[in-house]
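Here the chain labels run A, B, C and D in written order, and each chain numbers its own residues starting at 1.
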Amino acid sequence: MAKKAEAAAPAPALIGTSGDSLREAFGKALAACANDFPKLVVLDADIAGGTGAHHFRKAFPGSFLQFGIAEQNMMAAAGGLSAVGYLPVVTTFAVFCLRAIEQARLSIAYAGRNVKIVASHPGIDVGPDGGSAQALEDLAAFRAIPGMTVISPADPAEMALATRAMLEFEGPVYMRTGRSPAKRIFGKDHTFEIGKGRIIRDGKDVTLIACGVEVGRALEAAAILADEDISARVVNMATIKPIDEALIATCARETGAIVTAEDHNIYGGLGGAVAEALARAWPCPVEFVGLKDTFGASGEPEELAEHFAISAPFIAEAAKRAISRKAHA
Amino acid sequence: MAKKAEAAAPAPALIGTSGDSLREAFGKALAACANDFPKLVVLDADIAGGTGAHHFRKAFPGSFLQFGIAEQNMMAAAGGLSAVGYLPVVTTFAVFCLRAIEQARLSIAYAGRNVKIVASHPGIDVGPDGGSAQALEDLAAFRAIPGMTVISPADPAEMALATRAMLEFEGPVYMRTGRSPAKRIFGKDHTFEIGKGRIIRDGKDVTLIACGVEVGRALEAAAILADEDISARVVNMATIKPIDEALIATCARETGAIVTAEDHNIYGGLGGAVAEALARAWPCPVEFVGLKDTFGASGEPEELAEHFAISAPFIAEAAKRAISRKAHA
Amino acid sequence: MNMKPAKAEIQTEGAQRVQPLNISSPSLIEDIAAAARFVRRHVIASIYHAGSGHPGGALSCADILACLYGAELNLWPDSIHDPHRDRFVLSKGHAAPALYAVAAHYGFCDAKDALNLRKLNSPYQGHPHVKDLPWAETSTGSLGQGFSVALGMAMGLKLQHSTARVYALLGDGEMQEGEVWEAAMCAAHHKLDNLCVLVDYNKMQSDDRNENIMGLEPLAAKLRAFNWAVAEIDGHDIKAILSGLHRAAATFEKPAALICHTVKGKGVPYMENLPQWHGSVKLTRQQAEDALAALDATLWEIKELLDGQKS
Amino acid sequence: MNMKPAKAEIQTEGAQRVQPLNISSPSLIEDIAAAARFVRRHVIASIYHAGSGHPGGALSCADILACLYGAELNLWPDSIHDPHRDRFVLSKGHAAPALYAVAAHYGFCDAKDALNLRKLNSPYQGHPHVKDLPWAETSTGSLGQGFSVALGMAMGLKLQHSTARVYALLGDGEMQEGEVWEAAMCAAHHKLDNLCVLVDYNKMQSDDRNENIMGLEPLAAKLRAFNWAVAEIDGHDIKAILSGLHRAAATFEKPAALICHTVKGKGVPYMENLPQWHGSVKLTRQQAEDALAALDATLWEIKELLDGQKS
């Protein structure tokens, strides 16, 4: 092969490093708090530039473990690293976590290992990579694994807190980050606790329960509804499992109607967890905002949210439907 | 190595072929109706003796495809076989279907392939093999895949009907069979339709919605409740997705309390699907019978059902709790 | 739209293979070289328009794709539903822009349309999707799976006694996926001599060189130990690729692997052999123009590719 | 309870390996042979009591397990929590009865208790579960995973500069799992010379002989092409196993694989080389008695093993 002469290489603009996405926030937080967790090791499957783990690699190359494009081996090996005393954080895209879910089940959850699985690129928030890469099943699938905690923080500030909380927590955790530039929602005073939902805007006619990127959209929806004199409460349900049943029941009692919003299939994820909690604690009409059992597609995250009906106006519409159902309940 | 002299080999009693388990019923039905589906091929990962597929192999060795112990390749290859005109039926244990779920997602569901995935050994019904082999996550995980139909027939007669219905159905299907000797529930007049639940015992105080091996136990529970003058309706919800929302709403309206019963984690499976349907259509108290977010263990299926609280008496207890909640709803 | 010189009817039962082309014909080689040039330019333009995409691995496989579509595959735009057509699966699905470009060049889709890469409501997703584009044969994007799907196709075609062949293009990084070795073992066991795998051995993957991430050598020995017929060729030498494909089609009871040594980013000097151009990158106007110029595009062609969309 | 002859203290920091035993010592070999006999009898008895279980693959690995626990592993009942102990992972988890038996023989658990195989409320599940039995090191049963877990342990121990070694026993059928080749590639890339894989090459898997299900040959060539140090030995020759382990421990910057040629069902003539005894089978009283008699158990020992439970 004729090798072309070396040309001056203009630096490429990596999509992965621009903006303040949840994955970048995760990667920075991981690097920032690593000194407090000397047993921490971060596992990568040749995708650190995409997951945010590159920040950690740069800061702590000795604790960064490369597994190549082989997610099953990486996931089960995390169980082995945990067995010899490490605190492993497995990083890859959400859809490739799914590829290794049986390893997460057996060699991590069943074996009782304290391993953290951090999944970037969940939902249609993935954007232009398209439907094949947009995981819409991970919350449902990982939630079904006995003993697995599932979290999905909403903004960069919360992601930083959640990263530390996850490392301090004892037991297997599955955490979603996100690819697109994230909205800033929380200030410096924000706190985070695994297992707790939070009312981040009060209201009395309906409660919008959201996680991940949908929290920002739920807040926008509440503003749209306010313009129509509908008072919507917004709950940031950053922990999908264990779900904050007490808070859900309180919201159902106080507002009488619920909307769930998630960047995930409407089946089995946050919506499923909320529906189950209500059925146990306080039956109440729910409208589900999410992908309606269809795969995603290429496009920009915001246009996809519009296209697949998970943007703020659709949450607001769902809220009105939920409210209108109160009478019949 | 010294090879020992040939000794008369007493025939081993294969656990897999004794009794009238759902997997055996599946295997026999598959062989019996194969002539009506000339494009049928059955894929195996060295476990045909355990899945029931050995009946098909014996009858149609030319259409039986061996993939060895390599479930990911088998699952995706099924997509390729479908692409060139075959009607592939993928067979393995439920927990190994989970191992290949990302292949089922991309190369089957996303690619729009008409492939059937038949999973034996679901839940604690697996028995002595123990917790590692007892899939408690499969209904939730496969239900979350867009476009995936999920069914779990209740007895050998229904399994035979479901096997044919699944082959006639256009689109990807995930079907659970079962390992233990199954109760006979239905007679010769039984019919089966994908997407339809069936009231198999009427009642007015509460509805017990079950699938798979739990249908028999729900019927027993109804008998226990009848002795206490509680009238329980029993629904055989053989299709978990798409769930029969109309029937669920009717039952909620008519009986005012629901119990779900499944050999699966209480999160995300049948219970989740029913809770979601109720939240959409007719909010109502639900009690969930299933594994309470714990893994299984070795033991005989019936003693495990007792131990993990999914046997008939526990369904009956759940029914009473559900009924007692009606007033507060 | 460009046509292969030797289009022949595909017979549906007991089909005979189309007679092999004269693969040393200078005009054939020039046609394929032109196709590869078209592919590279189209890749740059579509990734520029998309604002994201993986140029490195799309450029490295342009010559391979051009050879397949230009001379090897018994596949034409009017035969994409013929059951006895040859199948091509882009297992390294992130090289989708190259697949769309070669398909456009050979008339399976419209070239201008195919610039709508990664856009909402366009069928040209970031990774090939068969429901959007039937000639993509399957949906890929998760590495390893395309190989298994191709294996399933090859198995099925053999069961049907079809003479159709199946080709899959894999990345070298992709060879780290266990599923690839499951498929490799299975294809050899079933003696799928109608299956040919091409490895785009550009020595690089997402973050770095293979040898720094997870070494693959000795790759040919691995595939041979898995009972494949293996040849190593220069993946930018059209004659070598054509004759490699020719020999691969002649293996008996063995699947064939062509390890194609390539250069990641091939044809765009500032990208060549630099892992940071794996993707997903955004190309500036200047970068796109520089790349097209390096690919011998005229000023008019550059304008047409980068602004033609808007008209 | 039986002890290895050369118990030495395991040092926790900068630990030195325990001095190797004299592996040709006739008494050592006789001790290990006795352990293997114990394992085989215990396997038959526990599967008989359980009413189900996989005898074939438990019998084929009895000699390997006896060598590991009897001479190779720096592991004793009082060191199961020592961070610098050697680790053994039974990746072919369905051979659990053999693991429980060898553990019982060397004092990690009670022999009578370990006959409670596959019973509710017993820690001796159908597949090893580390939460029930800490010395099982991890939970297995899904083929391929144990190897990866062992790799993770070896990687971690290396990071800690521990001299502890990690051993994993795989089935030959298990080698068909892609995860095995992911782990093989990864272990070699990371130069994990503290990792040793033993393949119980009994030529059979669940339904039939490997060659009929999915051929593995040439297995040694495959592992060599994945950059492993490979030796082939007779998996029933204790001296050969011990010296194989000895050489495996001396590889530098390469993981070691011992391909152990074995007979499935070894020791029970009516089971040997017959795939139907893979599992999961129910043993009749007569079958259990015949098997134990073939394993040279006395009438009293047979009664003790098959009825001792009830007393």
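As a working rule, a residue touches a chain if its C-beta (ideal position, glycine included) is under 8 Å from a C-beta of that chain, and two chains touch if they have at least 3 such contacts.
A quick note: this is a predicted structure, and the numbers were derived from the prediction, not measured.
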Longest centre-to-centre distance from chain A, chain (CA-based): D
Gap in Å, rounded to a whole number, between the CA centres of chain C and chain B: 41
Whole-Å separation of chain centres (CA-atom averages), chain A against chain B: 30
Distance from chain D to chain C - Cα centre to Cα centre, in angstrom: 45
For chain D, residues that touch 2 or more chains besides their own: 129, 139-142, 144, 176-179, 182, 185-186, 189, 214
Where chain A touches two or more other chains at once, by residue number: 67-68, 70, 72-73, 95-96, 99, 102, 106, 110, 131-132
Graph class of chain-chain contacts, one of line, ring, star, complete, other: complete
Chain C to chain A touching residues, read off their complex: 50-53, 93, 117-122, 124-127, 129, 139-143, 173-174, 176-178, 205-208, 213-214, 234-237, 261-263, 267, 269-274, 276-277, 280-282, 284, 286-287, 290, 294
Residue ranges of chain C touching chain D (in the complex, touch as defined): 144, 176-182, 185-186, 188-189, 214-216, 218, 221-222, 224-227
Contacting residues of chain B [partner chain C, same complex]: 41, 65, 67-68, 70, 72-73, 75-86, 88, 102-103, 106-107, 110-112
Complex interface listing, chain B residues touching chain D: 1, 3-16, 44, 46-50, 66-70, 72-73, 95-96, 99, 127-133, 297-300, 303-304, 307
Touch list for chain C against partner chain B, complex: 83, 87, 129-131, 137-142, 144-145, 148-157, 159-160, 178-179, 182-183, 185-186, 189
